[in-house]
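In what follows, a single structure is set out as structure tokens and then discussed.
For clarity, chains are labelled A, B, C and D in written order, and residue numbers in each chain start from 1.
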Amino acid sequence: MSQKISRRDFLKLATAGGATAAVLTGCGPASRYVTREPYVKMPEYTYNGLSTYYATTCRECAAGCGLIVRTMQGRAIKAEGNPANPVNLGKTCARGQATLQGLYNPDRVEAPVKQARQQALAAEAMNWDDATQLVADALNNTNPAEIAFLMGTASDHLFDLVTDLTNAIGAPAPVRFGALSMFESRATLSKAAEKSLGQAGLPYFDLGNADLVISFGANFLETWLSPVAYTRGFAKMRRGNSKKRGYMVHFESQMSQTAAKADEWIPLLPGTEGLVALALGRLVAEATGGSVARVFSTVDVREVSIQSGIPLEQLEHVASLIAEAQAPLAIPGGQALGQTNGLANAEAILALNALADNFGKPGGALLSPLAPNEDTYHRPANAREMKDFIAKLNSGSVKVLFVHGVNPIFELPKALGFADALAAVPTVISFATFPDETALASDYIFPDHHGLEAWGYQRSATGTMQSALSGAQPVVSPMYDTRSTADVLIEAARLAGGKLAEALPFTDEVAFIQSKIASLIGRTDGSFVAPEINSFTSYFQQHGGWWKTAAESAVLSAAGALNKNLNVNAAVFAGEGEFFFVPFVSPTLGEAGANKPWLQELPDPMTTVMWNTWVAINPETAHELNLENDDVVKVISEAGEVEAAVYLYPAIHPGVIAMPFGQGHTAYGRFAMARLLESRLVGLVPRAGEVGDPFPRGANPADVLGAYFNEAGDLAFAGMKVKIEKTGEKQYLSRLESRIGVYGEGLPQEGH
Amino acid sequence: MTVDLNLVGAKGAIAEAAEGKWGMSIDQDICTGCQACVAACAMENNISFVGEEDAGYGRSQHWIRIERFWEGAYPEVKATPFQPMLCQQCGHAPCEPVCPVFATPHSEAEQLNLQVYNRCVGTRYCANNCPYQVRSFNWRDYHTIPERGNMVNGTLVFPLHNQFNPDVTVRRRGVMEKCTFCIQRIHKAQDKAKSEGREVEDGEFTTACAQACPANAITFGRVDHPESLVSQLTHQKRGEKHLEELNTLPRVTYLKEG
Amino acid sequence: MAVASKYLPGAKQAHDTHHEEEDHKQYLMFDPKPRGEMNAMVMESMHTTSWKFWVVFGILSVIVAVCFFYAWGYMIAEGLWVAGVMRPSYWGIFLVNTVFWIGISHAGTFISAILRVFKAEFRRPFTRAAELMTTFGLIQAGASIFMHMGRVWLSYWMFPLPNERQLWPNFHSPLMWDLLAITTYVLGSTMYLFLPLIPDLAMARDRSTGWRKTFYKILALGFRGTEGEWRHLITAMNFFAFAIIPVMFSVHTIVSWDFAMAMRPGWSSTVYGPYFVLGALHSGMGAVAVVLFIMRTTMKHMDYFIRKEHFDALGKLMLMVTFAYTYFFFNDYIVQWYGGDVATDNLLHWLEEGPMAWMFFQMVAFNIIIPPLLLWSKKIRQTPWLLALIGIMINVGMYWERYIIIPVTLSINRMPFTWKLFEPRMDVFLTIGTFSMFLLFYMLASRLIPLIPVWEVQEGQMAHSLRKVGKAHVPTLSDFE
Amino acid sequence: MIRKTFEWALSPMGRIAVLIAALSLFSLAAFGVYQSQQPPEQPIQFTHKLHVGLGVQCLYCHPGALRGPSPGLPTISKCWGCHQQIGKTQTSPLLKPMVDAMAKGEGFTWVPVAQVPDFVHFTHRPHVAAGLNCENCHGDMTQVTIAVNPQVMNMGWCLNCHKQKAAGDEEKLTKLTDCGTCHY
């Protein structure tokens, strides 16, 4: 008669097949009766048919934006920004919006499994007692020096817990890493801050109060550091100041989304950003009539113009803009730092700020404050440190490797050889929520909760000058038989006893978190005041964290940045190819968005490509190479090769090809992978295999990156030269835009 | 204030009188094209994703899309300002009269173009007649494509369905859909205000896209209240409406550069 | 009263009386056969079924089962996803088929009603064939409309049925006008097919046995051929002949309004009404030529009824319609082109230089340029297979015309960001299914219904005679109605 | 001729055959309608009659009706709150499922009777606020054991009432008959 649907299944957020039918009766014939099961005991804050809202933290990247999640009858319905959180002030990016698609992703690791390093997710579940015992044994029976922890970029409670644990037993400190931090060149920024601003840390550029922004490759509107905060700053710069509309100039070899918002996009050859900055500094100094500071004195403007490919007049024009601006601001980032001379570039660009004398001032270069319970700035590992870490793995001196929140097999350049190094580690335990490449290559997966099911806190690294700690709490009860990694470690430590148990004397994760935020109790300079731990914790949950009400300000001196000799050497490019290779993080997918179907379906802002990877190439160049849209080309560097379809991109330097990072997964669930379809009518490449066979969706540009670093140890990801080869195949790229309307495709002449 | 457009005729100088109730302004100067609004809209309104093949064939279900064109050639090439395009909730909508079954009626109460999913029979005339091309059709039951579910004890289970917003109908195949100006939020806010015995205040609630927009480029509110933020933005000099010459009386104002 | 026949070559001055009479023998009206013999011929043509017929019939049945019923069922179950429709071409081949079949259906009414009203004598042997095309074409048109709908199982909502929701269909919508017009047309044309059929059914009833006798008995409604019955029948036919002409004009005008009322570049054109009507006649005439050719070549005794004179007359009619069509074609395109509206400019640019330009120019050639060049020649007009070929060509051209008007024009709109070219998918199968079904119906009808309106031919032959005026034989028509 | 075809129906046996055919068709339809109107099976034969008779207010067990869209079904702990003090609870065979469920900490699977399809966004709050009493729509619960709908809850029924309530008030009528009030 009717499909039996129980509300409890909704509650468990789980698995009732009937749920589908109930919601989907939407416009179809509704079955006459559906059944409902009320709560056995209603949570006191819940009303029937009314939503409950929980404040938590977005875990899609390390920026630490606050979220408010709307839940209804135990299901999470919608994630929105937390208006109180100073990092995002109620806003989110697309990835934050789609975070629920991770929570309810059909490809989650549903129970602890013994993986035994196989290709697909193992079917046999373990129970958590055995799993916890296994962790306890691993911690207990292994020489502490031979234990290693690899974690995600975010500086969160788990990092603190693992740090406490490793400190207690004398194991090496946990290593934090992520593809985003790699492409953001955080180490370079920190080092440059140390050299120019006099203090290590993440610089923060106060866009909102500037009236002229000169960005050198910084893709701050896409994924860079804290895109939501920077977008807010950008909007304020443009429209927020009643006096004048802010002006923006962007130097980059391809027109990124950020460049597209600039009033002037000036293409240049990769690696010459620092020189251009110096040349601009010299021109500005000359134009304003002052003496040319030491840092700019050695540069030859004419030479820079030739090297970078920017006409002299254009440099002079930009210099005049700077000279006339009230509050100019130069931002180093993106591919300007991902060069062998990246650090020098960063310093040169910061020197421009020094010239404008805006260090530590509104509209200038600032230093992000430390989070409330942070003593020093812990930056994530740079690529060179990762290389050392891999060497350590290879040497066999690591017996047990714990991996949480990062997928290095996918995220690290293949040339670094992480996948092979993993083979040298006897026991690899992954705490992955999703069956990603690294998890599948592990011995065990002890799945952590999804971020929305978990407790925690996260330090906001940058994006606000208010020192902020963003709190996280479960908004729904766990979907599957997963367990919080913090709980697993605490329990394992208790089982192991001894020093371990002493280091983590907590009943559970929440107790640990309380111990870490206890230092804030009674502080009056924050978003709330609470006298004791229980009320503090509940306020912490309710507000979504704790932050200072006032912005921090550090007095920074510009002298160090100007009065020095700065040698910006020519960037060194690896490989013999004819094209500079510029990978960039896909603005919609980020490093880990590929398994969320709606992120896949979001068109890339610039190319409007969905669900795939493309190789952006200048139409003129393509014409010379006899390439057309959708031709599959092989991109070959000395480190490797990938195949992807060509997109004739009108706004890219003719000598440069660009590829987005984020696709090309060989695991990570059905949406990150493509499947052979029965219908082959749109001209996708026919592939061998059975219908339904998965194969990588798109390609991963990290596969062609070599192990080259800049002076600060960050990866010189834009420091490769590649050649391209036509394969003769076609891969129809799904674009939202009309090829006819936008490019005049199919019509005799371009345009119309 | 109600204007019967059928009586006044399509070509009268009624634009001002028919300004409508709810309106939106989109500042193209600060829109960064980041797609947050697109994602937010999809999450709020149970919009289905269609997969690579169908998305490439113009069947994507986006209720809001961000348009971008090119001007000039390298190196003087410029991308035109990102232009979010969504249902303009026309006061004199071309989609409305053509529906044979009144599935696209005009809401006299809210001055919106409604789409009544359960009444729609799928002639797609409205979508054809929409000069903004912002309507999307459910070409199949995208939500229940078997590959999107998991087999659990012999039943097909779709974990993604847990996310469905209960305030918005889930559409099945053969039904037209489009941006509703988040009418569920309008109703909720009105209901709340009414229960508290007051009027809905400006900024008390907003649409999912405006809520998400990191640049605050989208503003939503009452265009018939001169003191509301959206009214003030709308009446700026740089405000422009799309295809106004067709006398559709769009309710979305685009603020241009400059 | 005797008047000079309108279609015969006139009172040609001739000297050899004998030869003159032989000459006139080539005209059906002057080559009478006894009624019994003629009736037997028609019955025989209906009964003589070769194995080839059954082979074709079998193949068509399989195609209809697979491409029509199975494919449609699959499409209903899966959604329109399997067809080629998408943004911006929300309308695709199904509506092309609809317009095409409605166009085909116009031939029947035109030939049967208008020519009857104007007493064009050459119409007599093939009115039935044309009227059958009307009815069967409309069935396909109707089916195509329903195929097009996203939720066809709710299509009854388009009818003004009383319901508890207090909802009516939207009479503002051109689709509603369409529905009403097409329904009227289906009913009217079916009646109009049936009325002239009654005497022939009665004739068949009297000459059959077994189940056929029962079949004809029921259908013939007891027609005995009495004076009174004839009088009533003729009155009814005249009534319907006059009534259906405005319906015919209105139905395609209203179909054209589906497009002309819409706010699309290229569609919103005031000339669409007559343009569509002429287009319909254009394709309809072509289709009649094809059908006549097939009848003549495949069915027994048909060369007696369908003669060169008929092809000649049809050819002239086609020529005339071509010119009229041409006039409206240029009225549509030139006016739009001259308007210089950006959206329309984009569209014309797309049509003339885009990937579907071949179709556009083929359409112009097939519909406008080639037909008059060929139809000018009497020799070609009188060669049945050539005329049939021209008919096929015109129909291909007209199909292209509708294809261009619907999916190709829809590719271009006022939002260049969404432009996209339509790609047919499973709709192709359904189109094949529709065409096969039409043919299948026709084949079935040819076995069950006298395709030649015998009584009309006999009536014509009785009315026509040669009279000797001086030395010449003058064809005359006595009007005994 | 037609007369001939149907001659058989005029014979006495023919008439009876026609009658039988018509009757069986009718009864089949009646059976179908009856089937569709049967109240669903509930886990407990809950007597609304008794509870309302004891003076329990509707909103005590269905409090959501005051606040939002759904009135809600009482949680089993709410049932237990009263029933644990009643001696009969432990002995009555009718209440055994509840006792068992409470012991196991499980809930009941109720079958809601007053249902609207998913594409109707009905909210109780404004209806209650407008002064409607529960029995206006749900019938007199003092008369029934298991709740049954006193009428078909379809759109015509909604509209009739909306029109009545808004009679004479143009603005209210617009609002209450707007498609977008319930369908979105």
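As a working rule, a residue touches a chain if its C-beta (ideal position, glycine included) is under 8 Å from a C-beta of that chain, and two chains touch if they have at least 3 such contacts.
Source: prediction; values computed, not measured.
**Q** Would you mind checking which chain's C-alpha centre is most distant from the centre of chain C?
**A** Farthest from chain C by mean C-alpha position: A.
**Q** Select, from A-C and B-C, the pair of chains that is joined by more C-beta pairs in contact.
**A** Between the chain pairs A-C and B-C, B-C carries more contacts.
**Q** Between chain A and chain C, what distance separates the C-alpha centroids? Give it in angstrom.
**A** Chain centres of chain A and chain C, defined by C-alpha means, are spaced 65 Å apart.
**Q** Please tell me the distance, in whole Å, between the geometric centres of chain B and chain C computed from their C-alpha atoms.
**A** 44
**Q** From the C-alpha centre of chain C to that of chain D, how far is it in Å?
**A** Distance between chain centres: 55 Å.
**Q** In whole angstrom, how far does the Cα centroid of chain B sit from the Cα centroid of chain D?
**A** About 36 Å separates the centre of chain B from that of chain D.
**Q** Which residues of chain B are in contact with two or more other chains?
**A** Within chain B, the residues that touch at least two other chains are 57, 60, 65, 67-69, 102, 117-120, 141, 169-170, 175.
**Q** Please list all residues of chain D that touch 2 or more other chains.
**A** In chain D, residues 117-119 touch at least two other chains, as defined above.
**Q** Send over the residues of chain A in touch with two or more other chains.
**A** 23, 26-27, 682, 736-737, 742
**Q** If each protein chain is taken as a node and each touching pair as an edge, is the resulting graph a line, ring, star, complete or other?
**A** Here the contact pattern is complete, since every chain touches every other one.
**Q** Under the touch definition given earlier, write down the residues of chain D that touch chain B in their complex.
**A** Touching chain B from chain D are residues 117-119, 121, 123, 125-126, 129, 174-175, 178-181, 183-184.
**Q** Of all residues in chain D, which touch chain C in the complex?
**A** 1, 5, 154-157, 159
**Q** Using the touch rule from the top, collect the residues of chain C that touch chain B in their complex.
**A** Result: residues 78-81, 85-91, 148-152, 154-155, 157-158, 167-170, 172-176, 179, 258, 261-264, 410, 413-418, 420, 423 of chain C touch chain B.
**Q** Under the definition above, what is the set of chain C residues touching chain A in their complex?
**A** 346, 349-350, 353-355, 411-412, 415-421, 423, 425
**Q** For the complex, which residues does chain C have touching chain D?
**A** Touching chain D: residues 163-166, 217-218, 221-222 of chain C.
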